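What follows is a set of structures for review.
Okay, so subunit A shows up in both of these, paired with subunit B first and subunit C after.
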Partner chain A sequence: MTRSTAADAGLTGPGAADTAAPGPGAVRRRGRSRLRKLRKATELTILLGPGLVLFLGFVLAPIVVGAYYSLYDWNGLGPLTHFWGLHNYKIAFNDPAFVQAIEHTLILTGLALVIQGPLSLGIAMLLNRKFRGRALMRLVVFAPYVLPPAVTAVMWSLMLQPGGLVDQVMKAVGLGGLVQLWLANIHVVLYTNFAVLTWQYLGFGIVLLLAGLQGIPPELKEAAAIDGASPWQATRRVVLPLLGPTIRIWVFITVIGSLQVFDIIFLISGNNGGPGGAADTMGTYLYRTGFQSQAFSYGTAIAIIMFIFCFTFCLVYQRYALRRDTAGALTRAVT
Partner chain B sequence: MPATYLVSIVILGITVVPLLYVFLDGARSTAQISNSSTALPNPWVWSNYATILSSASFWEFLGNSALIAGVATALAVGLGSMAAFALSRYAFRGREVFYTLFISGILFPIGIAALPLFLQLQLLGLLDNQFGVALPEAAFSLPITILILRPFMRAIPGDLEDAALVDGAGRLRFFVQILLPLCKPALVTVSLLAFVTSWNQFLLPLLVFTTQSHFTLPLGVSTYQSTYSADTALILAFTALAAVPALGAFMFAERYLVAGASGAVKG
Partner chain C sequence: MRSSRALAAVAIAAATVTAAAACSSGGSSSSSSSSTPVTSTSASTSTSASATPVTLTWWNNANTQPLLGVFQNIIKGFEATHPNITITNVPMQNEQFKTKITPALRGNSPPDIFQQWGSGQQATQIQSGKLADISSQVNSWISSLGAPATAWQTSGKWYGVPYDLHVVGFWYRKDLFQQAGITSTPTTVPELEADNAKLRAHNITPITIGSKDGWPDAFYWEYFAIRECSQSTVAQAMSSVSLSAPCFTKASADLAAFMKTNPFQTGFLGTPAQSVPNSSVAALANGKAAMELQGDWDLAAGAGLTTDKNLASKLGWFPFPAVPGGAGDPKAVLGGGDGYSCTTAASQPACAEFLQYLTTPAVQAQIIGAGAGLPANPQAASALTVPAEQAAAAANAAAPYVAVYFDIALPTTAGQNLDNAVAKWFSSPEPTGASIISSVSGPA
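== the complex of A and B ==
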């Protein structure tokens, strides 16, 4: 593995020069080795220091400080005086709006896995075949993924107006009977938002899975075919298992992304999460209660709850799924 | 094979039609839109595009987005590659701990951290300031940068480093003059990821900026929508123009994004 070569490089690099020149006296050698150590420490500080400061200052510190704020009753002004323990968390879980927001977030996450997963896998397999126009297809399919979500949201919210492009197209292809008040019907609006999210993010799954598919030598599938496997069997028994690590990384990234979904919902359904909060998610709830009403300590409590969702998922997922990928980068990171 | 094309056409339609719709309806008057929007504009109305391209605020939003994404990318890739070098080619105690610490950042997405981050920025006096967005964005791009760069740097043969050291180059010189040029494909990928992430970021600028002249493009789009809600055509033209930089850059960079994805997959 690459790990051993790197370790070798680290050891033999300066060390080789040292053994090649045998020092005359033990004292001098110790002095030199101390100098070398000092030099290495300096280099490491120069290399790691700035990144570490940036990371600790803007990623870890806010979360840690936020967890502390969340134990107080605080509106962002003045000192923290009113300590009330886990009260913010209690309020949150007793607020039906928040419980509903959690439900919606989990529904969106589940739908992303169940619908976007197979869909992006299917399209990735299609794009992995050779056919005329494949290059164009790839370009087009990935395009929505790089579009700013704000652009996507504004675009779709206009197309989804009653009588808008979506309705017109559906009538034109004979599906006029299925036309809904996409953004106003409380039974539909969450799924409308999901459809827009899918339009935006499907390309990501396709990029990732296509990259994984390209890493599978075609000979393997050919060998399976020669051994009498049907295309379906070859896919099921050869391609999918080899794609396992990629799929598991996709699941990981998708779940973490879905748990924090905000932009598109906020711009399509507004800060109230649509009519009756029917499309409210943890992200929009956090923005509305924590930021807009300036209940900062309550907001940080919500952020911490969202983080706990992420963290729990990660632990469970790491324990049961990612551990199998001995070569997976994320596994190496967490173990 | 016919099935392949049929499916392709459906996918193509679902992806392209919305984009075409925005560009075409941007070239109509609002009255034309409410009549029928499935045909080509007749006549083509270029005044919406002209209005936006001649407005100062569009260019201001564009400039802010470019500045912030540029600073965030430079910091993330610069500091990230330095850290990845230390974490990949030095043997020292606690190396894996540092690595795990950085990578754990993947668990703190910016969307969740935004409110605590907002309070931190308030403390540091960075609210309503471009650096208040660029610095956190750089920090949140570090984990993925290091995750992609470390295996890449590890895979470069140790002999090369030995040769450089025997020739009298220090390790830092080896890093700058030999390793970084060899890592160019991976560096392009992480730069793109950091740039796109920053360019598309919405929540953080929304919290941090109060002055409209500081807004980024995504924030501008949403502001424009609420300000000119009566003039649908103008909003569509603005949206179309806001999509152009991302789509244009993507045309040029598509293969690097795919390469980056496969790099992340292979770990």
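== the complex of A and C ==
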């Protein structure tokens, strides 16, 4: 889209000169323009082709095939013979465990936005100020994000075991009364997992927002200060609005990541999604039913449901929130 | 599966090796399948299969030492006596293996030999049409393996051969029993509960369990089920995929009552079973709990998680106690085993010959020596040296019947759903066990 506008509007050189030239060049001009179209088509094919083939073959086709398989009763071995329409979807929404898994996923997503968001923003703002050891602090804050989730999960499940490091530290600082069975209490385990997820992914939000903050020219804040704005007002009226695009992208990445969360939960709370399924998410439920129980078509149906969740969110978010950020690049400018 | 749980130290390095091996398997399996038509015709026309070179690809889950090395030695030994047969070993991590085997059986180039656990899972896999009926090759000798091998028989035909067996029972710490003044192992559940109380009185955690993984929970429920239900009721339930018999409800009530006595460690719902220092088997190996209901591999699984070199002498074994009034035989055991199947792509009789080779006493001694499990061939029983393991093997041999783990005995989906339902029930045990009973007819 951008290419065509650029070509239409700003193309200079021999072609453009020709269009301007009147008279006997008319025939030749038609030939040239056909050549130009051909060249453009070749260029598009070469540039877009490989990516498009990969996208069609490894993204779109599996979704379509998956949707098709989800309409059958299939254990992965025999041929697809037993068509039963939307039955897999009916089972899913009638299974309290799946409904519970959706709830947990939405709780985790909500918590990520409400807790990780302000926390990342606050820490990013702190780290954006000049102080001694700032580089070191930035490194420390970002370090957990660099660890593989598997390492994080194993490390935390060792520290969170009854009488483990977390319990001992809490007792040492006088918070012994708050000690819980972090991984075994069905009322706590989801939030324990959320805490570990936060520990792992907070650094990402901080780095993203820090980059956004550094893109804000200091003159604007100075100008606000000269106009008599308090630091709070400057933050609220100048910094935050300018940070908007970064925050919106962060929300987008966080929501998609939370809807699909699997690895840390799976490793900390196991394939049953914690005691009584108290930390079960759509991701762990999908793994358990699809791969472990080898109910492949059912698992596929769950995957399609997850896809619909994510896709719907993407569309709505693109339309209403990201539109102004992507205007001109992905969409037409907002008028 | 169970043995791999014992041996599963899932290292990234192992995954890398597996990935490399998996890549190489693609090439070798295609080469073996291309050689298949030639060999199978020659095998059917001539009595000796020693004319044409044959390559067999062997998928197994022995990706860690010591079993990995043992299997490589076994291949060398087999190839030395069968110069025309080449075995390509493709070890992979257990969960990865299980994820790969179903698509492989559905595809056009399955491995020639692959690991499977018999019973209902085997029946599920037979639906792929890729499992070879090896009855004509094994009929002459397989009876020497005894009753446990029949788990690899479906509708009267043999589709696999076991190479080791497993039995579930209580492992206990002799030192902690002594501390609590317990002089003999419990033979009934009330006696077990009384011993738990004695241990608690001495500030010792009676029983450790790895509920995070779910399947150890299922051991308890299944044992109460085979104590409450007669052999025929259990067999009927497995074949009809229905737990509607009242004795299964009784099993839930028994287990709920047992759990009311607080037999397990604090926070057991979040404890993993194996492989990590905070696992239940590590607690047993380090003397933090007195008992664990686990498979015969528990010693091997615990040995790597403690610095105690004398662990084997500190552990004892006793069978799951009797349930007073239950219709089940108190000597029946819960167990299973690991076996291999030939696919239809494999050259015969080369493949069946290899499976037979794995059950010969000398080879069995090597496998058992690696801590894989109990011998599939009773003639190799002397390979077990640890008294506790000998006790487990003796109970297995003396059992009137072996109830195969329900998750293996049932079709795959129903079996896994049962495991998941029991695990979930463990967080709030209620005496009807309705969610467990209905789980086998669950999703898809």
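The working rule: the second predicted complex is superposed on the first by the 273 of 335 C-alpha atoms of A that agree within 3 Å, B and C clash if a C-alpha of one lies under 4 Å from a C-alpha of the other, contacts with A are read in each partner's own complex, and residues count from 1 in each chain.
Following the convention adopted for this analysis, contacts are C-beta pairs under 8 Å (C-beta built on N, C-alpha and C of every residue); 3 or more make two chains touch, one makes a residue touch a chain.
Note that the structure is a prediction, hence the values are computed from the model and not measured.
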item: Partner chain(s) touched by A:Ala124 [first = subunit B, second = subunit C, both, neither]; value: neither
item: Which of subunit B and subunit C A:Leu158 touches, first, second, both or neither; value: both
item: Partner chain in contact with A:Phe311 - subunit B first, subunit C second, else both or neither; value: first
item: Touched partner set for A:Gly57, first subunit B, second subunit C, both or neither; value: first
item: First (subunit B), second (subunit C), both or neither touched by A:Leu44; value: first
item: Touching partner for A:Ile102 - first (subunit B), second (subunit C), both, neither; value: neither
item: Contacts of A:Thr289 with subunit B and subunit C, given as first, second, both or neither; value: second
item: Larger contact residue set on subunit A - subunit B or subunit C; value: B
item: Common interface residues of subunit A - those touching subunit B in one complex and subunit C in the other; value: 76, 154, 157-158, 291, 296
item: In the complex, subunit B residues that touch subunit A; value: 1, 4-5, 7-8, 11-12, 14-19, 21-22, 37-38, 75, 79-80, 82-83, 85-92, 98-109, 111-120, 122, 135-136, 138-140, 142, 146-147, 151, 154-155, 157-158, 161-162, 165-166, 170-172, 175, 196, 199-200, 202-203, 207, 217-219, 221-222, 225, 232, 235-236, 239, 242-243, 246-247, 249-251, 254, 257-259, 261-262, 264-267
item: Subunit C to subunit A touching residues, read off their complex; value: 98-99, 102-103, 105-106, 124-125, 127-129, 211-214, 265-272, 276-278, 412-413, 416-417, 420, 423-424, 426-428, 442-444
item: Residue ranges of subunit A in contact with subunit B within the complex; value: 2-3, 5-14, 16-17, 40, 43-44, 46-48, 50-52, 54-55, 57-63, 65-66, 69, 76, 123, 126, 129, 131, 133, 137-144, 146-151, 153-159, 165, 168-169, 172, 199, 207-208, 210-212, 214-215, 245-246, 249, 256-257, 259-263, 266-267, 283, 286-287, 290-291, 296, 299-300, 302-303, 306-307, 310-311, 314, 327-330, 332-334
item: For the subunit A and subunit C complex, residues of the former touching the latter; value: 73, 75-78, 88, 91-92, 95, 97, 154, 157-158, 160-164, 181-184, 186, 189, 269-272, 274-278, 288-289, 291-298
